[in-house]
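The letters A, B, C, D and E name the chains in turn, as written, and every chain counts its residues from 1.
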Amino acid sequence: MFQVVQTGPKRIPSILKKRKKKVGLPPGTPIFIGRIKTEEIKITVLDYDEIKCEEKEVKTVEECLPFKARPTITWINIDGLHDITTLEKFGEHFNLHPLLLEDILNTDQRPKIDDYENHLYVVLKMLNYNEERKSVIIEQVSLILGENYVLSFQERPEDVFDPIRERIKGKKGKIRSYGADHLFYALIDVIVDNYFLILEKLSERIEFLEEEVVKAPGTETLQIIHSLKTNIIFIRKAVWPLRELISRLERGGSVLIQAETSKYIRDVYDHTIQVIDTVETLRDIVSGMLDIYLSSISNKMNEVMKVLTIIATIVIPMTVVSGIYGMNFQLMPELAWPIGYPMALSLMLLVAIIMLSYFWKKGWL
Amino acid sequence: MFQVVQTGPKRIPSILKKRKKKVGLPPGTPIFIGRIKTEEIKITVLDYDEIKCEEKEVKTVEECLPFKARPTITWINIDGLHDITTLEKFGEHFNLHPLLLEDILNTDQRPKIDDYENHLYVVLKMLNYNEERKSVIIEQVSLILGENYVLSFQERPEDVFDPIRERIKGKKGKIRSYGADHLFYALIDVIVDNYFLILEKLSERIEFLEEEVVKAPGTETLQIIHSLKTNIIFIRKAVWPLRELISRLERGGSVLIQAETSKYIRDVYDHTIQVIDTVETLRDIVSGMLDIYLSSISNKMNEVMKVLTIIATIVIPMTVVSGIYGMNFQLMPELAWPIGYPMALSLMLLVAIIMLSYFWKKGWL
Amino acid sequence: MFQVVQTGPKRIPSILKKRKKKVGLPPGTPIFIGRIKTEEIKITVLDYDEIKCEEKEVKTVEECLPFKARPTITWINIDGLHDITTLEKFGEHFNLHPLLLEDILNTDQRPKIDDYENHLYVVLKMLNYNEERKSVIIEQVSLILGENYVLSFQERPEDVFDPIRERIKGKKGKIRSYGADHLFYALIDVIVDNYFLILEKLSERIEFLEEEVVKAPGTETLQIIHSLKTNIIFIRKAVWPLRELISRLERGGSVLIQAETSKYIRDVYDHTIQVIDTVETLRDIVSGMLDIYLSSISNKMNEVMKVLTIIATIVIPMTVVSGIYGMNFQLMPELAWPIGYPMALSLMLLVAIIMLSYFWKKGWL
Amino acid sequence: MFQVVQTGPKRIPSILKKRKKKVGLPPGTPIFIGRIKTEEIKITVLDYDEIKCEEKEVKTVEECLPFKARPTITWINIDGLHDITTLEKFGEHFNLHPLLLEDILNTDQRPKIDDYENHLYVVLKMLNYNEERKSVIIEQVSLILGENYVLSFQERPEDVFDPIRERIKGKKGKIRSYGADHLFYALIDVIVDNYFLILEKLSERIEFLEEEVVKAPGTETLQIIHSLKTNIIFIRKAVWPLRELISRLERGGSVLIQAETSKYIRDVYDHTIQVIDTVETLRDIVSGMLDIYLSSISNKMNEVMKVLTIIATIVIPMTVVSGIYGMNFQLMPELAWPIGYPMALSLMLLVAIIMLSYFWKKGWL
Amino acid sequence: MFQVVQTGPKRIPSILKKRKKKVGLPPGTPIFIGRIKTEEIKITVLDYDEIKCEEKEVKTVEECLPFKARPTITWINIDGLHDITTLEKFGEHFNLHPLLLEDILNTDQRPKIDDYENHLYVVLKMLNYNEERKSVIIEQVSLILGENYVLSFQERPEDVFDPIRERIKGKKGKIRSYGADHLFYALIDVIVDNYFLILEKLSERIEFLEEEVVKAPGTETLQIIHSLKTNIIFIRKAVWPLRELISRLERGGSVLIQAETSKYIRDVYDHTIQVIDTVETLRDIVSGMLDIYLSSISNKMNEVMKVLTIIATIVIPMTVVSGIYGMNFQLMPELAWPIGYPMALSLMLLVAIIMLSYFWKKGWL
């Protein structure tokens, strides 16, 4: 798991850190890169065809096998990746390549698609917004499409797939009448649609900042801009590879994807382009904001300087005049004049006014 | 102030916000993303061939069908997208794919072209300049070209298609003698031509800013630059995809576009390139402006600093001298000198002049 | 000041403004976009073959037709585009497509090449430097190559084609022995060669600025940099499309261009690349200048600040000491000391020297 | 401090310097570009097949030849490149092209792949992090794949290949059952995996900086940012060419790489893309940091200015009032008033409060 | 000739200036663009085969012809381009196209390759570092490869080709046993190798700057950065086109280049990529330096501001207190107190300490 916003200092290493233990190991050694969670792995099987639909939470991989054997469509969702033995069993029973297993566990994978002979493997990034911590959480989802089954691996239980589950159970839409490839598409679609929600959250924050930046720029503003910028850099990293991934999925070639589903994947492709477009737009706006911030601060300083200059201009003649007549020379004729005092006061005022109006004309104030 | 969508803070979310209710729904579920308007949907039919021309405002989709059945060219314009039932009826009678219907309603679509078997679907962005609110409004227009009909869907009634309507009714140009594909072209053409008007408005504002930025940069200048920048980012987003869209339309392949019309579409393509060119030029100029702004402010501050330094330089010797002779030591021989006072005054002047001329030589002032 | 089109504030709109009257008109309606000039259209015919050469200024299009009919090469140059009737007559007699006529008149066209069946149409931008107004003027030139004739349309009389005219009349070079395609090439070549002159003017200004920016940056420097930047943006816009244009001309395919001429067009292509290269180089240098400007100003401010700090450091101990001994307490023993006064003066000096040397060591001054 | 090659000022020349002696020499003259080390060259032979495995440190090239002659897989690792005679002997016995030998010695080579007829030559950069000196060290590794042997040339002994050695000797994984191409792959893989460790080190430093930049930016912060930036520039230079290199290795064509190994190379390719992605991400973050730094400093200065203004505002009325009543005019009626003194004090306070509250309202403070 | 560093103001025009006299001239008119030198043209012939080798300095073109006629390999080097008649004679005797002659003389040519039927023409830029003037000098070299001869044209005598000459005369390497194409390659190779020397000089300067920029940024630093930046812009311009040029040479097609030589040209290609890589790296570093410079200066100013604030904070309470007790009110009870004076002094100190510690806590100092 990876938190973009909340724990600043842990942002970047968390993508990379656990790698250390992997260097030099034989390829295909499944090692889990990520925080080890104490919760148990949760395996949910959803088995359906147009007529019936069965949902079951199982404990072991072996319990899944009868479902796979049936001609119905079987969706097995695995929450939690830390139990390597379970995963290796999946690998064995579903005939998954060791490199594929390694990729599932290596949760800092770049989104990609791999076409193995009898199944299609897709790695995606799931973005979630943690309202409480005001943070974007990036998680890895691995999807495997086999002949009549779909496997989905998540780092931890998330409810993003719930609408699909509901549609299947509630027979909403035609999903029950399509094949496993349509389920595969639907899972990708819901992940991509979720991106829009995250982008909305970000754009809300940006919108909130826009006025602040020009009117009352402060240190926190700077921190939020920096955090937004880093967020968007990470979201870009998660989103850009999707373009090629889904394009390859559409142009397909895989026998597992039917022609009808391709049309829907084309639709996901359009959404992906739109997500990328929006991310780039947000990036441009946030980049611009930093320039605005800098200009705004310079502007404020300029105003403060003007105030200082005005004050100096007013005060200085007064100080000079009062300084002169504060000297203790025995022979200072003005000191004896009856109009000496009011004259000095008037002089102060006069010089201040002359200076102020001169600077005003020059446009310096 | 100058804004893309009327209210600044809502600028960005308004592109994205309503998506929330869509996530997880079956594909092809038509849901209207956009502000729901209270006005009624307005359907206008314009039916013409070289000989006669009939215009009629209808209430229901069924009333359009007789026109479609005739060999004449039928243009059905729909203003307002919030009545989903009406749209679904169109989908039914005109045999539109559910994904297409979804795209019409999803008003934050990226401009694109989809070639369905018996019709061609194009999504475009219409830019309008609201003179009163000084804002650019981005609206989505969907155009569908069928064998002898064109459907156009707009979010709300706009008069941008009026010139076409006039040309058809007034038999101006040869539009009446061409097919539905020419009408399709003409609608795209008028939308693209409209972009030039918006760019003119923007360039007028830019031109107005150019002098201000160098001579009198202030907080509002900053706000206008930021707003212009954001505007151009959004216009780019609307305009760039057009390039590929119209290029694909020209290179065609669609049997619905005749060779003669292709020549005209080539012309629209040239305009599109020119629009993109101009948008990029404006973007470069506005980007440069922010740099100029920052430099200009630094420059102003520099001048203010110089004034402060000049003042300090003049005043300081005076203060020092008057301070010294303001001390109350019993044994200060100068105080008793008759020329003490004028000497002190001369000293003040002298030191100030020496310092000023020294700094002047050094180029610090 | 140095500007693209004579009056700064009108720089950008002038490219776009007159479009307004075009929106919604039937395609191919020739409308002149540009400043309407009061002068008359000037038509010059130059008819030549290897043996003889005839130059004539004519009043009407019809007078040109006999020249066109002859087997000799006929170059018809038209200065001024505001008389639409004359242009329409050309269209008629030379069999020009309405869209082509529209393009000739639409003087904010992007440089492009169009291959009509019996003629080749090229739009170029001519850059001229108005020495008096210190401004670059961008004008559109349309060139049409027919079987044995070349038509050239200019917005207003310019002398850029004069050297060609001289070469033809004076039989310099082999131009008289080549076909119309060579004349066509020669006209393009002279326009591209002219770009070098403009770039020289710009680089002279840049060279002049380079020292100023580092040594004495001021408000005007900023204005000139901004103006140079905008100039280069516009020149880029005029020059970049040339690359593809001339490349297409060279790779040809057009039967109107002979193999021998292709070799020369390759040469123009090399020049175009060089022009683009130089424009990009100038752009990089001018962009860098703004950064230098900003740094330079910050630098100057820093120096001013140091002067202020030095002054403050010297003056402050003096003020404090003189302030203390200026107090009127009855019991201030130092006041009665005979060495009180010199001691106070020495104290002032001492503290100032200590502070100055301390700050010096710290590297603050 | 954190540097690419141990001593900052020598960072860049060290890549280039020794070239001087090469200019104008005949091609294929092997000259060692790099620091000449005093240690001896160390040659290690590891000879294995599925059954047995022999490791031996040899002194001369000739001792290696018997291993090469056997059908087993032979890995010869050479640490140290300064002994040109040894290298030339390798060239002779292993039939290496003079240009290849030159490339091995020229240690500022760009990563590349060369396909000679009977062997494959790959140049890579090895990144090492020197914990003690806090520096990244870039070293060149040359790998040669022959029919049943692999040669690896390193500038100096490093332990990066140790895990591979262990796997072979310990029979971990299936490496012993594969051919020389798999060993070749494994060496490349371990080098690429090592990049992740370096990127982790960098991201740890970046993470550490992120807070510092906003909260307490100082001169060292600037130095570290600059050093990080330069580091990343050099790492990019080492990493980017890998993409094409490994892609070419995968798409192969070389008969020396078996189909099975290609699958694993595909895996290395994915890692390479991920490394590049991460480097770009770090680059974006570090670039952004400098902007944040600048903004942060401007921000701090703004706050300091405000403090100065507040102080000035409070003090100035006091100075003026006390200045006025410090004048020595004989006729200053207030001086004789009993409430003169408290009145003056109150006046001071009052004016200061009025000014402060005025500026506060204006938002200047 | 073109001086990058030394004469700043003449930097840019010198690339372009002399063009003026060319505009409008017939194509293929050889006109020398460059400074006309008074020295004579120097023609050196080096004629060799595997057995013998003859070097001779000749006066006229005709003297070269016997060498060309022999089956041996003839290298004719021409230093100085100002004598157009000589060049035209070369054109005549060696059958060179007029456009080629024009290109040789036009010394601001972009590096390019032209394949004429019986010879290959290459234009390159030679970079030389003038140690005395601390300037990079860009000169144009034209190389022509014919069947058994190579012509090289340089603007002025340089010793860059001397190592080749030595190798031929001294029979070092195998150059004598190869054909004219190998000589052609060797000349290109030595020019490209020379680039590394220039890049070293630049990187030495950069390295020298790196510390200065962070620690003691001044006006000269700025000038050097600007000059380095401009240098690199010009070197890029000279170097980038090489990539395509040499790639085309390698992929060849020309019958004049033998297969064996292609392998060597591949090596030059690798060097070119490396040169480009290094230039880009230097560019990135220099660009980053300007940002560092700006940040560094802001930083310095910040520190100066803090010093000012500290001073102000200490001094101000002293001034205020001494001002108050310097007033001349008749009724100021404190003045009569015996502890008045020490009390006032203590008050001054106390307030200063309180303010300082308060600001310290706030982190303003």
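Criterion: a contact is a pair of C-beta atoms (placed from the backbone, for glycine too) under 8 Å apart; a residue touches a chain by one contact, two chains touch by 3 or more.
Every value quoted in this text rests on a predicted model; they were computed, and no experiment measured them.
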item	value
Intersection of the contact lists for subunit A and subunit E	D
Fitted rotation between subunit C and its twin subunit D in degrees, CA, nearest 5	145
Whole-Å separation of chain centres (CA-atom averages), subunit B against subunit D	42
Separation of mean Cα positions, subunit D and subunit A [Å, integer]	26
Multi-partner residues of subunit E (at least 2 other chains)	294, 298, 301, 305, 308, 312, 319, 323, 326-328, 332
Ring path (origin subunit D; first step to subunit E)	D, E, C, B, A
Subunit E partner contacts - residues on subunit D that touch it in the complex	8-13, 15-17, 19-20, 22-27, 29, 99, 108-110, 112, 217-219, 222-223, 225-226, 229-230, 233-234, 237, 290, 293-294, 297-298, 300-301, 303-305, 307-308, 311-312, 315, 318-319, 322-323, 325-328, 332, 334-338, 340-341, 344-345
Subunit A contact footprint on subunit D (complex, rising order)	162-164, 166-167, 172-175, 186, 189-190, 193-194, 196-197, 199-200, 203-204, 206-208, 210-211, 214-215, 263-264, 267, 270, 273-274, 277-278, 281-282, 284-285, 288, 291-292, 294-296, 298-299, 301-302, 305-306, 308-309, 312-313, 316, 319-320, 323-324, 326-332, 359, 364
